[in-house]
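Got some structures for you, see below.
Heads up, the next two complexes both have chain A, just with different partners, chain B and then chain C.
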Partner chain A sequence: MVLGTYKEAVSARATDKDILKVSQDGGIVSALLIHAIEEGIVEGAVVAGKKDGEKWRPEPGVAMTKEDILGAAGTRYTMSPNLTALKEAVRQNGLEKVGIVLTPCQTLALRKLQAYPFARFVADKVNLAIGIFCMENFPIAALDTFSQAKLETPKDDVDKMDIGKGKFWITSEGEEKGLGLKFTHGYEQAACNICSDYVAEFSDISTGSVGSPDGWSTILKRTDAGKTIFDSAVEAGLIETKPMDEVKPGLPLLEKLAQGKKDKAAKELEKREKLGLKVPLVL
Partner chain B sequence: MTDNIKVISPTTRQEGHAELRMEVDDEGIVTKGRYFSITPVRGLEKMVLNKSPETPPVLCQRICGVCPIPHTLASAEAVDSTLGIEIPNAAKLLRRATLAAHNINSAAIHHFLVAPDITDDSNFVAAVKSVSNIRKNVQYVVDMIAGEGIHPSDIRPGGMARNITPFTKDKLVTRMKALKPDLEAHVELIKNLVLEAGLPKDLGANLGDSVPFSPYASYGGNEFPYEDLTEVLPEAWYEDPEVGKRACTQIPLLKGKPQEVGPRANMEVHHGRKEKGVIAQHVARADEMLVNYNDLMEALDAIDTSANTMTNWKVEGTGELGFGVMSAPRGFNVHMAKVVEGRIAYYNALVPTTWNIPIMGPATEGFHWELGAHVIRAYDPCLSCATHVMVVDDEDQSVIKNEMVRI
Partner chain C sequence: MFDKLKKVFSGSEEPKEQVKKETQAAPAAEAKASAKPRIGYIHLSGCTGDAMSLTENYDILDVVLTDLVDIVYGQTLVDKWIHGTYAEEMPEMDLCLIEGSVCLQDEHSMHEIQLAREKSKLICAFGSCAMTGCFTTYARGGQQGNPKHESFVPLSDLVKVDLALPGCPVAPEMIAKAVVALCEGDMDYLAPAMAIADVNEACGCDLLKYNMRMGKCSGCGACSVACPTRSINMIEGRPISNTDRCVKCGSCYMTCPRHWLPLSQIKKETGL
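Let's turn to the complex of A and B:
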């Protein structure tokens, strides 16, 4: 299956205005984590926090409250090595039930940590892994290039970054500027080119904007843990949903992009192998 | 080997390999007991030379997996000391809590090791379950504060890598309070089992002219009477040349006398107890769990979770030899370090069981040799850290260079 194993797909949006004010799309990650913390399903969550004084540089951190979660909301298109904060979360932060937000590659790493005994009493404490759709990721210097050099807007003046409709978008003082994705290619991390997972296939629940209308998110409920928490957040009125087949552009677009990433990765792997480069075993 | 020499090699239910050699009379009573380590060298003291000051705690904690926490702390304290670092108060409390929790854990492991000596099948399962319960809880404290229960990553020169959060502090206090009745019941159980095990009252009470050494009532510090220290090569200490040649540790003396370390010595120095021997050792070790528990709770309670735990330190240091003297489960663990021009120029570890080795053998004297192993086990010897090296001629196996590296 091109989207991995999932029980159900829906389109959804958080109902809380505080969340929607700061969220990237439908505010699903924030709503789920806040709900999980408030219901005691997790004691805290590892999220891409914001580094003091550098608003586009994410810093993995541990969120314990709704305020912490809202403080970390929104996408920054550069790596946040969230797994590095997992150990601190289960040690000095004392968390025994942990939520974590991960890109697809990090989700795979988490599952490996859980499958192999690499670290004692660390990854087994994660009981909610929220995966976010991800096509590629950029070094922070690339974000400078896009906003400052190509879109002539200092990165610090940018209020929102987004990727959609074939462009990399920045919003600054209410004005939107777009950069065609063909101009961003080449800046992504090299490893992203051989990654075949667009939709975080190994997460408990995956979410991202693709497939749903603006301001909404597409949800793939994958595991019992993911489904249970999502359904309970819907029941509590924190999330509103629409059936996936009633929204545009719907799952076909998501499937197309997911398949595209797999094909591209396979091609790149073949190319690297032909060059005699070492390539990892990829699913 | 003649009939009047009994050898137990290796001695069992202890860490590392050692030999107990006893000369016995016609009734099998030990007239002369000698105990010596035959554990091979690990060489960590040499590995840290010329490395940065951060290195010794990382490497030297791996001297052993039985008391890794005291090794880490002794190492960090020795480096702090030679660099002239005064660590923040919050870090001191975190270190203190870590050690106290570990020492409870280590005593519990020893109770598991000696359980077959002090109980029959009727109480064995209960004793082992009690040990597991206590270990699980106190190791949790070490995990949370120091980053890892076995080889902690967050005890560093200059303090502690991170503070705990208020959430964690509450959790630890709650969990430790809940453990208290279990711990008290465990101590009672072990003491009763020891007292009812039928061990002779004065078994192991022959401590010769040794002196109890316990410079700190809890945790440890940076003061060590280095000028009183002499170290005797095994060939000079053991009358039997064969033993002298095979023994892997040298004999440390303070003011010319062997020093007894461990729970019984602590209880004599700080709590005025005079009892000696196997039973006294076991009782002291059990009671010390509660002493450590109180220390743990005091430290936990005093931790300010918002305080800084790491000093900004410089590698220049004092150029003087620094000491880390830690109250380890088996006695005092002393690490010595000197940093010159930002690199480790000298490193030496004088570990708990090394102190006790010259005392343990003679302590078997006066009783039947079959009780010898009980005497040894009462000291909870842990030998992997206590070894020195020699350079031996390949052809005739003669000792060319006898260097004392006690790891």
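Let's turn to the complex of A and C:
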């Protein structure tokens, strides 16, 4: 299956205005993590925080409260090695039950750490892994190129960055400016070119914007843990949902993009192998 | 698949000249007496961390030790040691776990490792000192106790090793999973450990050479999680290893999902 194994797909949005004010899309990641903390399902959550004074530079950190989660909401389109803060959550904060938000590559890394635990007693403490969809990621200098050099807005003045409808968007002082993706193409890190997972196929629950209307998110419930927390957040009135087949553009677009990513990665891997370069060994 | 694995894990290294690498399959006669695998534990130049990790598996240890395996040799777990008490001779073993590197100037160690090879069907380099030399790589002799003890080499420099479990020390859960796989004959799970058996060096800079320089690093951070000495920092989504802190254990590159990815095992464990 091109979207991996999942029990159910829905379109959804958080109901809490505090979340929607700061979230990237439907605020599902934040709503689920806040709910998990408040219900004691996790003691804390690992998120991509913001570095002091540099809002587009992510700094993986441990969120213990709703305020912490909200402070880390929204997408920073540059690498945030969230797993590093998992070690902090377990070793420094002493957490036994941890939630974490991960890109697809990070989700695979977490699952490998669980399958072959070379690092003692870290990865086994995760009981909620929320995966976010991801087509590619950029070095932070590329964000300067997009906003400052191409869209003539220093990135410190940018309030939101977003990718959608074929463009890289920035919002600054209420004004939106878009840059065609053909201009951002080529700035992504090389590792993304061999990444064949668009939708975090091995998370407990995956979410992203593609497939749902603006301000809403698409959700794939995968494991029992993922389904249980989502359903209980809906029941508690923290998340509202719409059936996936009633929203536009719906799953077909997500499937198309996921397949496209797989095809491109396979081609690039073949090319590298032909050159005799090392590629990841998949067992 | 095994050959492919081997090629990937041993990097570009040429196979080394081996002095004594012939495995002498131990006669199975004695093993038949009890169906349980006969396990030995030899402690060479290591810190006992690996043995402690093994015993940290409290929840399964009693079952493992009483029902699943017989520990037939060792100075830490049982008092049966040729240089100590209660063992005139080294017994035949199905599997011999060896912790620590081998001191070339220590005649006991040199003798014991050769003997272990003769007596064991499988030898496991248990922990990074045995596998890569780990921090004993930095040894330079001159200490008061025995100044001449200055060279400490990985097991595979001297004998054929069949599987290796890196870690400084090996993580308790890694040991538990490997033991369960061994008992169940799950060779797929152990394939990576077998493929790295003759890897005899490691360093934080493996990430640079074999991963970053190959355009594979996605900045996931798993390597820094695995590093026991916190020598890896992530800067702008890339690991940087502080070579002054690195003990050359190999945990980082072994953990990197862009080195090898156990997808079948992940599917099995997540049910996805």
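Observations on the model:
By definition in this document, the second predicted complex is superposed on the first by the 281 of 283 C-alpha atoms of A that agree within 3 Å, B and C clash if a C-alpha of one lies under 4 Å from a C-alpha of the other, contacts with A are read in each partner's own complex, and residues count from 1 in each chain.
Here, a residue touches a chain if its C-beta (ideal position, glycine included) is under 8 Å from a C-beta of that chain, and two chains touch if they have at least 3 such contacts.
All of these numbers come straight from a predicted model, not from anything done at the bench.
Judged by the touch definition given at the top, the superposed model places A:R111 against chain C, while chain B stays out of reach.
With both structures placed on the common chain, the touch criterion links A:N93 to chain B but leaves chain C unconnected. Residue contacts after overlaying the shared chain place A:F121 against chain B and chain C alike.
Of the two partner chains placed by the overlay, neither chain B nor chain C lies in contact with A:A48. Put chain B and chain C next to each other and count what each touches on chain A; the higher total goes to C. Within the superposed three-chain model, A:M64 lies in touch with chain B and out of touch with chain C [touch as defined at top]. By the touch criterion defined above, A:M135 reaches neither chain B nor chain C. Judged by the touch definition given at the top, the superposed model places A:A191 against chain C, while chain B stays out of reach. Comparing the two complexes, residues 87, 120-121 of chain A contact chain B in one case and chain C in the other.
Within the complex formed with chain A, the chain C residues making contact are 1, 4-5, 8, 53, 166-167, 171-174, 177, 188, 191-192, 210-211, 214-222, 224-226, 234, 236-238, 251, 254-255, 257-267, 269-272.
Interface residues of chain B, counted against chain A in their complex, comprise 143-145, 147-149, 154, 162-165, 167-168, 171-172. Across the interface of their complex, chain B is touched by residues 43-44, 64, 87-88, 91-94, 120-121 of chain A. Chain A makes touch with chain C in their complex at residues 4-5, 60, 78-84, 86-87, 103, 105-106, 108-124, 137, 139-140, 189-195, 201-202, 222-223, 272, 277-283.
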